[in-house]
Amino acid sequence: MKKAIAALIAFLFFLMFVNILNSDSEEFKGIPKFGEVNLTERVSNKYISKSVSGDSGEIVYGKTENAESGSANMVTSIVVNYRSFDTLGEVTVLFLAATGVAILIGGGQRKSLAISVNPIVKISARIIATLLLAFGAYVFIHGHLTPGGGFPGGTIIAAGTLLMLVADDKKRTSKLLKILEGTMGFLYVVIGIAGLLVTGSFLKNFLPTGTMGNLFSAGLIPIIYSVIGLKVGAELSALLDDFFAEEGRK
Amino acid sequence: MDLSMIILISLIAAPILYFLAKFSHKIAYILFSFIQVFLFVFILLQKGIINTVSSFEIMDGLKLNFGFTPINWYFGSIIMLIISMSAIFMISIKKKSPAKLLLLSLVSTGAIGATLSMDFLTLVIFWELSTWSSLILIVLDKEKSFREAIKYVSVSAIGTYSMLYAVFYILKSFGTVNYLEVADKMKVAPESSKILIFVLFGIMALAKAGSFPLHIWLRGSHSTAPDEFSPILSGALTKIGAYLLFIMVAVIPSSSIFSWLPSIGGITLVNYVLAWLGGISIVVGTVMAIRMEDVKELIAFSTVSNSGYIVLAMALGGTYGTIGGLMHVLNHALASAAMFMSMAAVIHRTGTTKMREMGGLITKMPITFAAYLVAIISVAGIPPMSGFASKWLIYQQLVKNGLPFLAFAAFFGSVGSFMYVFKPLTGVFLGQLKPEHKNVKEAPFTMILPMSILTLLTIFWGILPSNAISFINKIVHYTGGKEIQLTFSRIIALTGQWDSVLVTMAFFVGFIIAFIIFLMGKKARQVDLMDTYTGGEFLYTAELYHFVYKMYRPFDRMFEKWPSMENWLTSLSYKIKELGALLKTLFYPKYPQGYVAVSMLTLLVAFWWLR
Amino acid sequence: MTILKGAALLILAFIYTVTLEGIARKITARIQRRYGPPFWQNFIDIFKALTKHSISHGFIFDFGVLMAFGGTIATALFIPAGNLVVFPGLDNVFVVIYLLAIGLLGMAMSSVGSGNPNAGIGIGRALTQMLGYELPFLIVLVGVFFKYKNSSLSDLVNIQIESGQYNAWIMPLGALVAFISLLGMLGKKPFDVFIAPAEIASGPLVEYSGKYLGMLLIQHSFSVFIEIGLFVNLFLGGGRTVWEFLLKFFIVFFAAVIISAIMPRFRVEQAVKFYWKWPLILSFVQAIIVIMATGR
Amino acid sequence: MIQYFSIMLIAIGIYGLLSQKNLVKLIVSLNIMELGVNIFIISIGYVADGKVPILSPIVNKSSMNFVDPLPQALVLTAIVIGVGVTALALSLVLKVKESYGTIELDEIRGDNA
Amino acid sequence: MNPTWLIALPLGFAFLGIFAGKFSKAFLWIASLANAIISLFIFNGNGVTSYIIGGWIPPYGINLVVNDMTRVFLLAVNLIFLLALVATSAEILKKDEKMSVAFMLSLAAINGILLTGDLFNLFVFLEISAISAYIMAASGKEAISKFAALKYLILGSIASSFYLLGVIVVYASTGTLNMADAAAKVTSLNPNVLLAAGLLMVVGLGVETKLFPFNGWAPDVYANASGRGSTILASVFPIAMISAFIRVITFVINSGKLNELIIVLGITTAIIGEVLAFSQKRMKKMLAYSSIAQAGVILMLIGIGSSKAYIGASMLLLNNGFGKLLLFSVASQIALVAGSDHFENVTGVGRKSPLFTLLFGAGALTIVGMPLFFGFRSKLYVISATMDKSLWIPAVILITAAIEVTYYFRWIFNLVKADAKLSEKRSPVPFGLALAGLLAVLVVIAFGIVPEANLDFFNRIGDLSIQLSKTLMGGM
Amino acid sequence: MSVISFIIGIVLVVSAIIAIEAKKLITSVVMLSLASLLAVVSFVLLKAPDVAITEASVGAGLTTAIFLLTLKRLGRRESE
C-alpha cells in the first residue's frame, strides 16, 4: 500500500515534468526541446565567445592572446573565472562536509586486520599511489586545457590515499593534510581578496591571461585549480581516513 | 505638563524603582507610593479639556493621543485613586520584591495611559501593557495562581485581540481611530461593520470588566493574586473595561447608530443583548459568591456581579442608566478595593484566606472591621453608603424602560449580595476567636490609612451622592446626554426623588432613640463569646463553633447541578491539544517518509490545481 | 411639625402593632384550640424585658442591636399611615426596602456577634429566604412603578385614592404575589424556618435577654408595621385618614395570621423554591401585562 | 529521450525515499535523485550536433557550434556538493547506528515527546 | 564598504581554523566581531547598490546586491550571531574547534545568502548553510539529535535538489541565472513552466524557511540541537532564509497564483505551529513550533507583498531573531540547570535566578507581541497589512496569537511558579548569557518604545518601488 | 545515438530500481555505482567530458568507496 502511494507520487512528479517539458512555443517561452537550444538567448553565448566585457572578436585556439578569460576549456573558464565565486562556495561545501564528518566520526583508531597484509601489496600500492598523485596533479594543472580540473584531480589523489589505506591496516593519513587543506582554502580566499584589493572586485583575475591553449596561460585559473586540486585531495583523503577510523578507541 | 510626559515619568520610574528596590525595599515602596499619589493628584486637579497628540508615532501616521475630557478625568481619577491607595497599603506588606515593584509601575503606567487615551489604539496599547504586567504579578506569590492566571491570559487575549482587530478594521474603514472622529464616521458606516465593531469591542469590554460569559478568569486570578495587588485588579483594572463600555454606548451612542435594529423596551437590540449579558453576570456572580468558602474568591465573584451591574446600567443607557453605571464604577471601585484591602490586612496578620480558619477578629482589628463593614454596606446597596445611589438610579432606568426580567437580575444581585457580604463579615470578624489568633494586632498604620480614606469617601458620597453625581453630570453633558436634576441633597429621578441627607438624618434619629432606650436599661453583664446558650447542656471542653463553613448549604444544594462556566476554557485547551496530537501524527511523524510524502503531495496538488 | 408627625407615627405604629400581635396570639390559640394570653400580654413582655438584667457579648452585640433598632425606626418614618405622612414625596419605595435591610443587617451582626451557632444558622436561613420572597415582590413593584411612573409611597396612595381603583383590583395577580411575599417578610408560617424555636432555639434571638430582647421586640413590631404598611399603601390604596389605613392594616394582618396559623413550616430551600416557582412566574406575568397595557 | 530518463531517475529517487525504511537505502535514493537532476541539467544544455565546449587544435574557433558549457559548470558544482552531503549523511547513519543499534527506521525508538 | 568582506572574512578564518587548534575559537570571535562591525558600516547608507564579483558584469558574472532590506538584515544577522555566540559562550561542545569552523562557515553562508544576486550562487550558499545546519543539528548531547539531523538532511537534500531543478528550469527557459535578468525575462514565460519552477523553488526554500508542510524537520532539530546550535538556527537562519525567499519567489518568479498559495500555506503554517506549540511539554520543542508559526506569519506577509506587509515581515523577522536568541539560549541554559527542559523539571527555575525569568520573559513577551516590546509594533503592522488584503486573515492571525499568548505565559508562569519544594540554592546565570541577553532585551525594548521616526529604515524597506526595482537590483 | 541513449537510459532506470529495491545493501550500493557509471556514459554522449570525468571519479569512485566503507563499519548484519 505504502509502496503504491509512493509509486503514485513519483509517477505524478514524472507527469508534472513531462507536462512542462518542450513547452517552448511561439506564444510563450518555455523549456526548449531536447537538442534545439538557441544559445544566443542564453548568457553562455558570451562565455563561449569570451566577450562579456566587450566584443573581442573571434577566439582562435593557439592564437588569441589576452582574451578576457584565457582558458581553452570553456567549462573551466566558467567554473574558475566567470563563476569563480560559486566554486569558492563549492570548495567550502566539501570542506564543511569533511569537517562535519570529522566532527561526527573522526578521531578514532583503526582496527587491525586479522591477517597481515602482504608487503608486496603494500609496496605496489605505494607505487600506484604515487602514480595516481602525479596523474591527479596533471589533471588539475591542465584543467584549463583539457577535461578535468581541480575536483577530479583531487579525487584521483584521494583515490591514491584510499589505495594506501586499504593496503595497509596501520596506515593513517598525516595531520599535515589538515594544514594543507586549510592553507589551500585560505589561499583561495586570499587570491580573492587580492583581486578585491588590486582590482576592486573580489576574485577578479589580475594576472595576464597569455595565449589561448598554452599551459601557462589563463591567468589565475591554473593557480586556483591547483589550489583546489590540492585542497580537495587533502580533504578527501582526510575524509576517507575518518571513515576508516573506528569510533571509541582513541 | 504634557500628558505624555506624566506617562513617560511613570514608565521611567519602573526600572528606577526596580533597581532602587534591589538596595532597599522600604525606600522603593515609599517612593512608589509617592509617585502614584502624585499622579493621582495631578489627574484629579486637572481642569478643562485638553487633547494632546504626542509626538510618539506607533505606526506610520498613527500617533499616541492623550487627553483630558470629563470622561478621562473621571475614570483616570478613580483608577489612580485606587492604585495610589493600594500603593500606600503596600508599604507594610510582607512579601516585597523588586520585580513586583517593576510590574506594578507598569500596571500603573498602563492604567493611566489607557484611561487618558483619546483613541482606540492608544487605549489598547496601554491596556495591554497593564494586562501583561498584571498577569505576571498575579503568579508571583501563590502556587495555586499558576492555573488561574492562565485563564486570565486566555480571556484577556481573546479580548485584546478582538479589540485589536476592531481597531484596525476601524482604521481601514474610517481612516482614524480617534473616539470622536470614529463616533462621527460610525453614523454613516455600513450596518454590518457597525455590528462587527460593536461585537468585538463588546468582547473586549466584557472580558476585561469580568462580565458574563468572560468572567471565568476573575475568581482564580483575583483570589490567588498577591494580596496587596487584588485591590488594584478588582478596583482599578476591571474599571478600564467600564471605560471602553462607556465609550461604546455613550460616546459612540450605540442607541442612535443601531436605530435600524428593532428595539426592546426603548433600547436597541444590541444594547439589549449587552444588558442581558450584564444581567446574567449579576446572577451568576451572586450565586457563585454565595457559594464560595474563600474570602478572596467570594469578593472576586462579587466583582463579577458588580461588573454585571455596570454593564447592565451602561447598556440600558438613558439618563439614569448611564449616570447610575458611572456612579457604580466609582462605588464599586471604592468598595471592592476596601474589601480586598481589609482582607489583605487580615491575611497579613493571620496568614489565611479560608473563612473557616478565622473568626472573632473584630476585637483585634476593629478599624479593619469598620472599613470592611462600610464597604459591604456599600456593595449591598444599603442607604447611608454610596452604593445605594447607583443601584437606585439603575432601578429607575429599569422601571422607566419596563424591563421586568432585567430588573429581576438587578434585584437578585442586590438581595443576594446581603447573603454573600455577610458571610465573610461573620466568618472573619464575628463569632468566636481562634486561639491561634489571640495575639493578632491591628493592621499597621500604612494599611489603616488607605482603608480609612476609602471608607470615608464611601460614607461621604453615601450621604451626599449628589456631589458625585454633579461630576458625572459633566460627563453626560460632554457626551450630549441628558443631565440629572440635583439639589444639595436630593436626586430627582423619573419615579420620584430621594433625599440622601434626610435618610441619613432619619437613620441617626432612629439610632439616637435606640441609644437612649439602651442607656435607660440596666447595664448589661459582659460575658465571654464562649459563654452561650447550649440548650441546657454543660460543655466540659470549650469547643469552637464556626458556622460560616457551608453557611448557605440549602442554597448551595439548589445550584450544585448547574453547569460550571469555568470549564469551557479548560475543555477548549484539551480540544486544542487533541488537535495538536492529530496534526502531529499527520504532518510531523517520527519518520522522514511521512513529511516527505506530505511535501511531495502538496507540491503536486498545488501544481495540478494552480496550472 | 415633621418631628411631631414622626413621633406620632412611631407611637401609633408601636401601640397598634403590639396590640394586634397580642390579638393575633389569641386568635392563633383559638384556632389551635388553646385559650391564649390576653391581648396586652405583648406590652407586658416588652416592658418587663426592658427592665430586666441582661448579658452582653461585646461591642458588636450592642452595636448591632442599636443599628437594627435605629434602622427600623428610620424606615418606619417613611411609611405613610393614612393622612399621617412624615415625608411626603420623599418616601421612595426603594429607599424603604433598602432601609429595612439595615435593620436586618444590624440584627444579623449582633446575633452572630454573640458567638452562638444557632444564631448564625438562623441568620443564614433568614438571608436565604429573603432572596426568595423579595424577588417576586420587587418584580411586582416594577410593574406598579412603570404604570404610574412614580415610586413614592404617598404619591401612589394619592393616585389610588383619586382614581378610586386600588392596585389590588387593577393587578390582582401582583397583589396576590405581594401578599405571599408579605408572609415571608413577616416571618410567619410557613416561612418561619429562621426562627424555628424548637429547632434552633429561636435562631437569631437565642442569645438576647433583658433590654436587648425588649428592643428587638419593639424593632420587630416596627418592621411588621413597615411591611404590612407597604402592602396596604401599595395595593390597598392606603387611606384617606389614619383610621382607614389602620382598618386595612388590621384586615391584612389578620389574613396573614390566620393563614399562618394553619400552615406547617417549609424548609428553607423549599421556601425559596416555592417563591421562585409560582409567585415569581405570576409576578412576571403581572409585570408584563401591566407593561403591555400601559405601553412603553 | 535522455531527458525523460533523467526525470524517471528523479522520480525513482523520490519513490525510494518514500518507500524505503533503511537509512542507507534512503541515502542511495538521494544519490539516484541527484544523479537524475545532474543528467537533466546537462541535457538542458545539449545542442544537436554541438561540439564539446573545449577549444582544441581541431575545434579551434569560438564561432563553432558548441553545447552549452554553463550547465556543465553547474553540474560540476552539484556533483561535489552531492558527495559532501552523502559523506555527511553516511557519517550520521554511523552515529545513529552507534546510538540506536539499528539503521532500520521501524526499529529506531526516538523519544518522540 | 564592500560587502564581500562579510563573506570572505569568516571564510578565510574558517580555512585557517581547521588546523589552528584552539585558536579556531578565537577566530570565530574575531570573524563574528569583525562582521558585526563591517555590517554596521554597510548599514550606513541607502538605495540599491550592486557589487560585482570577479569583474564580470551581470548577468554574466555573479553580483552582490545591497538594498535597504539587506542592510537591515545584514546588521541584524551579524549582530544576532555575535550575541548568540556571547550568550552561549559558557557551553562546551564536543570537538569545539571544528564546530567553530562550522559556525564560521554558517556565518559566511548566511551573509552570502543575504547578499547574492545570482540564483545558482544562492544555491551554493544555501548548501553551505544547510550543511552547517546539519552539523549544528547533530551537535546535541542526546542521541536523538543525530537522528533528527539525519531527518533534516534527507528533507534538506530533497529541497536543494528541487531548488536546483527550479533554477535549471528558469535557466533553460530564460537563459540566465542572474536574478534581476531572470525577473525581467520570466514575464514572457509559459505560465505552467513558471509555476513549476516557482513551486520547485518554493519547496526548496520552504524547507529552510519552515513553510508548512516542508517543515517536518524543524521541531526535532530545534529541540535537540546544542544550545549554541539551536540558538543560531532559530534566530539567525530564518532571517537569511526568508530574505532568500523574498528574492527568489517574490522578486524573480513573482507569480500571482504562487503568492496566493504562499498566503494559504503561510496561514496554515501559523495555525499548525501555534496549535502544536500549545500542546508541547518540552520548552525547546515548544519554541521550535513557535518558530514555525512565526515563519508562517512572515511568509504569509511576503505572499501579500504590500509595502506594509514588507515592513511587518521585516520587523517580525528581527523581532523573532532577537526573541528566539533570548529564548533558545535561556532554554538551553535552563535545561542544563534543571537537567531537562521538560515542563515539570523547569518549574520554579526562574525563582532560583530571577535573571532567567527576566530574559525568558522578555523574549516571550516580544515574541507574543506585548506593548513596550518590539513584537507589539510588528504585530500592529501585521494586522494592518493583512487587513488590507482580506478580513479573514487578521482574524486567523489573531486567533493563533491568542493561543500563542496562552502557552507562552504558561511557560513564564511555570518558571516563576511559587513552589515550596524548591531549594534555596541559586543557580548562577553565566556572564555571557546575562550580557548578551540583557543587550537583546534592551534592543527589543528600544525598538518597542522609540518613536516610529527613528525607525525609518523599516519604512525604506516598505518603499517597494526601490526594493524591487528590476533595473537596479541587478546593477545593470 | 538515440538507440544507444535509449539502451543506456533503460539500463540506468533498471539499475536505479534495483538499487532501491535490492534486499542486500551491498547490491544496492553496487547498483548505484553502476547507475553512476552509466550516467558517465550519458554525460559523454551529451558532450560533457568535464562532467563525465568528475562524475566518474567523484560520483562513481569516491561515493562508492564511502558507501562501502560505511557498510563495512555498519557490520555484516546490516549489509545483508
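We just call them A, B, C, D, E and F in the order they show up, numbering each chain from 1.
Basically, a contact is a pair of C-beta atoms (placed from the backbone, for glycine too) under 8 Å apart; a residue touches a chain by one contact, two chains touch by 3 or more.
Computed from a predicted structure; not experimentally measured.
In terms of the stated touch criterion, the partners common to chain C and chain D are B, listed by label. Taken together, chain D and chain E share the touching chains A, B. Within the contact network of the assembly, the step distance from chain A to chain F comes to 1. Looking at contact counts per chain pair, the maximum sits at B-C.
Taking the mean of each chain's C-alpha atoms, the chain whose centre lies closest to the overall C-alpha mean is E. Farthest chain from chain D, judged by C-alpha centroids: C. Distance between chain centres (mean CA atoms), chain A to chain B: 73 Å. Distance between chain C and chain F, defined via averaged C-alpha coordinates, is recorded as 104 Å. Between the Cα centres of chain D and chain F there is a gap of 10 Å. Mean C-alpha position of chain B lies 67 Å from that of chain D.
For chain B, residues that reach two or more other chains under the stated contact definition are 591-593, 596-597, 600, 603, 607, 611.
For chain F, residues touching at least two other chains, in rising order: 48-51, 54, 58, 62, 66, 70, 73. Shown are all chain pairs that touch, namely A-B, A-D, A-E, A-F, B-C, B-D, B-E, D-E, D-F. Chain A contributes residues 2, 5-6, 9, 12-13, 16, 19 to its touches with chain B in the complex. Residues 10, 14, 17, 23, 26-27, 30, 33-34, 37, 40-41, 44, 70-71, 74, 77-78, 81, 84-85, 88-89, 92-93, 95-96, 99-100, 108, 110-111, 113 of chain D are the ones touching chain E in the complex. The touching residues of chain F, counted against chain D in their complex, run 2, 5-6, 8-10, 12-13, 16-17, 19-20, 25, 28-29, 32, 35-36, 39, 42-43, 45-51, 54-55, 58-59, 62-63, 66-67, 70-71, 73-74, 78. For chain B in complex with chain C, the touching residues are 265-266, 360, 362-363, 366, 373, 377, 380-384, 388, 392, 395, 398-402, 404-405, 407-408, 411-412, 415-416, 418-419, 422, 425-426, 429-432, 490, 494-499, 502-503, 506-515, 517-518, 520-522, 524-530, 532-533, 535, 545, 547-548, 551-552, 554-555, 557-558. On the chain B side of its complex with chain D, the touching residues are 590-593, 596-597, 600.
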